[in-house]
Amino acid sequence: MRARYAKPGTSPGLEAVTEEKPALEFKVVVISYDKDQLTETELPLTEVPAPDPADRRVTWIRFPAMPDAASLAHFGDRWNLHPLDLEDVINTGQRPKTEIRDGQTFTILQVPALEDELSIRVRQVCLFLGPNYVISIREDGPPMFDRVLNRLHTGGRSGRIRGSGPDYLFYSLLDATVDHGFPVVEALNDFVEDLEGELLENADAVSLDTLHRLRRDLTTLRRSQWPARDALDPLLNEAHSPLSKKVRGFMRDCLDHQMHVNESIEVLKENAIGLQELFLSVQGHRLNDVMKVLTIIATIFIPLSFFTGLYGMNFNTDISPWNMPELNTRYGYPALLLLLVGVASGMLVFFKRRGWF
Amino acid sequence: MRARYAKPGTSPGLEAVTEEKPALEFKVVVISYDKDQLTETELPLTEVPAPDPADRRVTWIRFPAMPDAASLAHFGDRWNLHPLDLEDVINTGQRPKTEIRDGQTFTILQVPALEDELSIRVRQVCLFLGPNYVISIREDGPPMFDRVLNRLHTGGRSGRIRGSGPDYLFYSLLDATVDHGFPVVEALNDFVEDLEGELLENADAVSLDTLHRLRRDLTTLRRSQWPARDALDPLLNEAHSPLSKKVRGFMRDCLDHQMHVNESIEVLKENAIGLQELFLSVQGHRLNDVMKVLTIIATIFIPLSFFTGLYGMNFNTDISPWNMPELNTRYGYPALLLLLVGVASGMLVFFKRRGWF
Amino acid sequence: MRARYAKPGTSPGLEAVTEEKPALEFKVVVISYDKDQLTETELPLTEVPAPDPADRRVTWIRFPAMPDAASLAHFGDRWNLHPLDLEDVINTGQRPKTEIRDGQTFTILQVPALEDELSIRVRQVCLFLGPNYVISIREDGPPMFDRVLNRLHTGGRSGRIRGSGPDYLFYSLLDATVDHGFPVVEALNDFVEDLEGELLENADAVSLDTLHRLRRDLTTLRRSQWPARDALDPLLNEAHSPLSKKVRGFMRDCLDHQMHVNESIEVLKENAIGLQELFLSVQGHRLNDVMKVLTIIATIFIPLSFFTGLYGMNFNTDISPWNMPELNTRYGYPALLLLLVGVASGMLVFFKRRGWF
Amino acid sequence: MRARYAKPGTSPGLEAVTEEKPALEFKVVVISYDKDQLTETELPLTEVPAPDPADRRVTWIRFPAMPDAASLAHFGDRWNLHPLDLEDVINTGQRPKTEIRDGQTFTILQVPALEDELSIRVRQVCLFLGPNYVISIREDGPPMFDRVLNRLHTGGRSGRIRGSGPDYLFYSLLDATVDHGFPVVEALNDFVEDLEGELLENADAVSLDTLHRLRRDLTTLRRSQWPARDALDPLLNEAHSPLSKKVRGFMRDCLDHQMHVNESIEVLKENAIGLQELFLSVQGHRLNDVMKVLTIIATIFIPLSFFTGLYGMNFNTDISPWNMPELNTRYGYPALLLLLVGVASGMLVFFKRRGWF
Amino acid sequence: MRARYAKPGTSPGLEAVTEEKPALEFKVVVISYDKDQLTETELPLTEVPAPDPADRRVTWIRFPAMPDAASLAHFGDRWNLHPLDLEDVINTGQRPKTEIRDGQTFTILQVPALEDELSIRVRQVCLFLGPNYVISIREDGPPMFDRVLNRLHTGGRSGRIRGSGPDYLFYSLLDATVDHGFPVVEALNDFVEDLEGELLENADAVSLDTLHRLRRDLTTLRRSQWPARDALDPLLNEAHSPLSKKVRGFMRDCLDHQMHVNESIEVLKENAIGLQELFLSVQGHRLNDVMKVLTIIATIFIPLSFFTGLYGMNFNTDISPWNMPELNTRYGYPALLLLLVGVASGMLVFFKRRGWF
């Protein structure tokens, strides 16, 4: 999750590109609905008509992927979107935030997804809320808002979503975005628990690399989710919020989900650190066990070797009865063997008693 | 304590299930009382009558276990409970919070219990407070509010609980819920102290596994209890609180208990970390002791072996008087033995003096 | 410092015991004074008359020890003390707090004392302030307020304490309580400094156990003192404080003392952690020194032994002049001895030059 | 980034130097513009005319490098700059801050730059905003505001920058300053990632020194950037901000960039710490591997040497059939060789099975 | 920096000593000035006249050292200083704070000084600000305010300090006090950098003791400076500040300096911790290097010794051609020597290739 950024000192917004030619073939889905009917059409972005303030229906412009900068600048001009917002849309990797402007609200969130076992991909979702429209733009990836579209289609007259204003649609999209954090957190939770089980059973099954990548993933995840709380908070502030009181009630629940995700990430981080410490402890423990056994073996044989060395000396036994008389006794050798066995056993017993193995 | 969650993008609340058929056999206990009388009846959930705003008595709907979603949705419809609250009731594992809505307050808390020595189970408790009723719903487990019910029965005319409104009952249930934290904290405290004693006496009696599980338990416990403070706090806020001034006085005491539990958990965490560090220190200390003794033994014998090796050489003593004349002296062998004893003793004395063992 | 607590779900306050019979023999000291005169009488608690709102004198009820619950409930009834406060008085180990109620203020503090070298005992002190009375109740232990009583006796007409209202007495008792933290902090400071000196001089003089107990003590101390700041703070709040403006000026100084104690505890904790790290470093350093010397000894002798082994081989020198001709040379043995001394010296010089010992 | 400072007790501001002679040859660039025209002249600092409050055009005084104190004091006198601000301009290394005074705003920021691979240089940038002028003063180094100047030149009538007041120019310079943090953060990010890759592949490629310098760099970077948030914040405060509402909208984006930089630095720090831990783990792991293999080799040969020592003993086989009869058997030697191979293989198998290598 | 404190329960203020006889010989410097003239006289403290509210000149009472308690109490009586403030003056080691009372402001700061290389001494400075006077009292030590006095003397008519009120003098003294932190921080910075250089060059040049004392010093320094921010802050608060608006502008700069000092201390602490970690890493690295080389030497010789032991065995070659026939071959010995060289070289190559040394 790295932010793309313009060179320091360049003009803010998308001015630089407004003179480029928009890519005519980029298409978006335009959904218009009220309680009674719903239309869904696919149009090239350059042909989407400007919003009609008199239209009582809610219009949802759904971008299926990232447009090119020129098309977006062109569209933003007609829809009166703030140039700084457009810049943020193009320069993905922005930190989550909400800008409440007169008559228009702009929210950026970052949606995490687990690409494969341990590789988090964070994608930017941008939402605009106007008096009678909602615009959703997201980085390329699997579709995110199909279930919301489905509810729009099936909800009909009785559904809450069709009977409410654009703020409820805006909330529904935010909620769907925030809820994408749950499965990621859940999957990481499972991963951490599995790792923990493996680690306590067989330390070699887990590599330092895995643990390190887990921590980096959690850092990325946390960075993408933590500021989301501050991004959602102004939507609940009574004085400036563009949401009606009823929708604010739902929004509080959405913020609650975000905080649940954030706290889960904190707990995950703590567990990951605990896991790393456990890994080091288990590794150290194992190594110590190995070294201890090996050292004990060496320690037992070194005194034994001393005795064999002793009787390997060449003192002249012929010259003097004081010189190694043991060598010439009848049972010298078996006696020495007994002595060696005795010394070794004694040491083993001693080590065992002191609990050294 | 993992939250259950709906798929991202699905409709909030329990809409999806309202068309399922409620399980008719799920029964709740309905207790109605005022100063003078008390009735307690068990009814199927679907047959509980809607609340009567004119009723001067307090009604307590006590769910003995988790209802099925359809029954709950059905009941919530008649009692006008907010769909988001019902969703939170069903999706257990929510973070503690309080929602103060017009005419109805909803509080979620998480109650910890030690299943066996080191295995914390957290159960969700949900409470609704209306103008003249209280609803308590909890995850399955041993009964929690029997003592409160008892006080209702025995309190009679003179008791505080029978003479107060539904807010006092609501407080009593919250208080009973919060106080369940004390025995858990106490038991963990005892556990940590025992562990500490064992550790300082015999490091092998304690396993890495136990310490790791202790820390994980405390992480879970902390996560379930920490946000409870923020959940209880709005009940004390004069402007919005649904509680009367008198009950707020009691409620402050309840919040105080929660903070006591929270601080105890923090202290426990700190002690657990200290314990882990102590464990590593003690383990390392012991290993070092073993290694040191073994190394000293090896170090003493290696020079001795050098001497035995020396006199095991086969230089031809016949050719020259310079070649190992010691071998042919009368007292060569005993002299060497004395030398060896001397070297060994010297090293032992040296090691001892420098405090190496 | 563990809180005693009632079973979850039981009634708050001391209701359960009000029907027990009070212990008639429990006596308290009743001190009444104004500028001109002072009376001090000892009465059974049950015979202390109810406070007289018209009395212009200040009355101080001084409990010399903890009363039994029944006596206290009986007394609380007549003096109109809040049942939750009475419960906190009995269940010692409460966290410090202040409750400002209409016409009555209740403060709990925890006073630390060093029983012996490293064993902190925390005792609860409870103070009630009414319109013309102060009540002080404390856990058993050495007397704490004798100096204040002395000032009352000797202060006479000119003294500040006799000429002021009950709020000044209340402040004086709080101040005496808070100031008990200073000698404890001071003693621990000395202890830490001594330990540090010992450690740097002789690491073996300090045990892991001592360091561990020091940290635990500081955790206890911190927990008992940290919340005292929040307990004293509301007494300074202009809007609700029961203290006159003049006494609030003094009270600010008392809060300042508490903060001084708190910060000292933080610094002590930091120093204790630093000490523990130092201990481990010093221990590790020493062990490494030992191991290094021993390894060097072993390393020097192992090559020497190789040479002795070499010339201990039994190749047949008679068969071939190629087989170990050294054995049959005139100065073979002394030459080898020289070689051995050379190898050993060379290695020692090499090790020395690289700074290995 | 060390602050230069005056001696304690000396007068604040530049009083001490006002009597020195200004360096006449120090030149600045004076740019005046409005929608229609733009003039750019280079003047000696001492000849820059005092600001004309009636001038409707925006004047930008651009210092290409640090002036000498006397020139600056002289200039500040005529332009009515606050002596404390001038002191901060001269004493580089100040912490970022904004002073909003009547009719004049003064902002200090610190711009980081990577001199070479791992060596951050922080340079101070000072900006003054008056009713119709902006002054930019910066420490010596590569030019920073060329792109802004370019926009002024090319913007012409249609450009946003030429059509706006001095506050927009002020914002543009701040934005250019803040955005200089991005490439530094990006480069460090790449550096950390490269290091990580190298480390996991070949631990010896990375030195302790590099990691240590990385951490120090991040400490410097953080210190120079962290307070920038507080420095920019007052410019957004509606009540006191010298910026028009429209420019505040842009300014919020600039603050957002600063926070992005700050959070990136935090993440970098976390990653650097993770890297250091990884480094130690990998190093420890490698050493343990080496020691283990070496110890296993030694452990296998020590018992073998015992056997060779055993049969090197000189017990007199002639005297007694009990003395080492193996030496005189036909296949004694090959049998022993087989035994030795067997013992060695057995130990290898045993070690292998227990997963010791 | 330990606070001196009165026994718990004693009366606040200096009451206890007011009846002692003041030390008549303690002298202070009384400086009175306005724009036009300045008088400086040295008087015994007991003879300093009470302040005259009608005097338009500013009076500065400068204590050259700590007075005895009785003199101070006597003086405080006449000048109407608050008894708690006097107590704080005497009991040095107080935490920095500001008390704004009606018509009088009292500020305590702690000034650090490096006595010698690594030994911080903290001294208390107390300042009183009245309607037309300033009192400065400090612990014994080198003079601190000579430069301010100098500015008073030389400033004359044109100087800012002589033309301003007592609040500007008060600010100047505070500023001089705060600025004493800079050289200390600077010196410690140099010390840390030197240490770092030495450490990376030669780890043995740095002792554990030095690092430990550095950390302790920083703890002391931090404790004495950190609360200074809160002490200076109330002087900037518009509603209560005793300073005029113009002086508050200067005061903000002074607070800024304090924050710069505080942040520098934080960075120093971080660097000191990094240094300690570096020290341990470097030490560990070195030890590992030593152990590795020694172990490699031992490992190479142990197999060689095995072979020499092998051919030192006494199997009877006469009895059987199977018994060690190598001993009787012509080139047995040189072949063995070649083998030994080969084994040793092989192992060296193997170790080298795996990068073990």
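Going in written order, the chains are labelled A, B, C, D and E, and every chain counts its residues from 1.
In this section, a contact is a pair of C-beta atoms (placed from the backbone, for glycine too) under 8 Å apart; a residue touches a chain by one contact, two chains touch by 3 or more.
The structure displayed is predicted, hence computed values, not measured ones.
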Partner chains shared by chain A and chain E (touch criterion as defined above): D
Shortest contact path, chain B to chain E, counted in steps: 2
Chains touching both chain C and chain E, listed by label: none
Whole-Å gap between the CA centroids of chain B and chain C: 25
Computed distance of Cα centres, chain C from chain A, in Å: 41
Residue numbers of chain A (touch at least two other chains): 291, 295, 298, 302, 305, 309, 312-314, 324
Chain ring listed from chain D, with chain E in second place: D, E, C, B, A
Of all residues in chain B, those that touch chain C in their complex: 144-148, 151, 159-161, 172, 175-180, 182-183, 186, 189, 196, 200, 249-250, 252-253, 256-257, 259-260, 263, 267, 270-271, 274, 277-278, 281-282, 285, 288, 291-292, 295-296, 298-299, 302-303, 305-306, 309-310, 312-316, 319-320, 322-324, 354-356
Residue ranges of chain E touching chain C (in the complex, touch as defined): 2-3, 5-12, 15, 82, 84, 94-95, 97, 99, 101, 204, 208-209, 212, 215-216, 219, 223, 227, 276, 280, 283, 287, 290-291, 294-295, 297-298, 301-302, 304-305, 308-309, 311-314, 317, 324, 326-334, 336
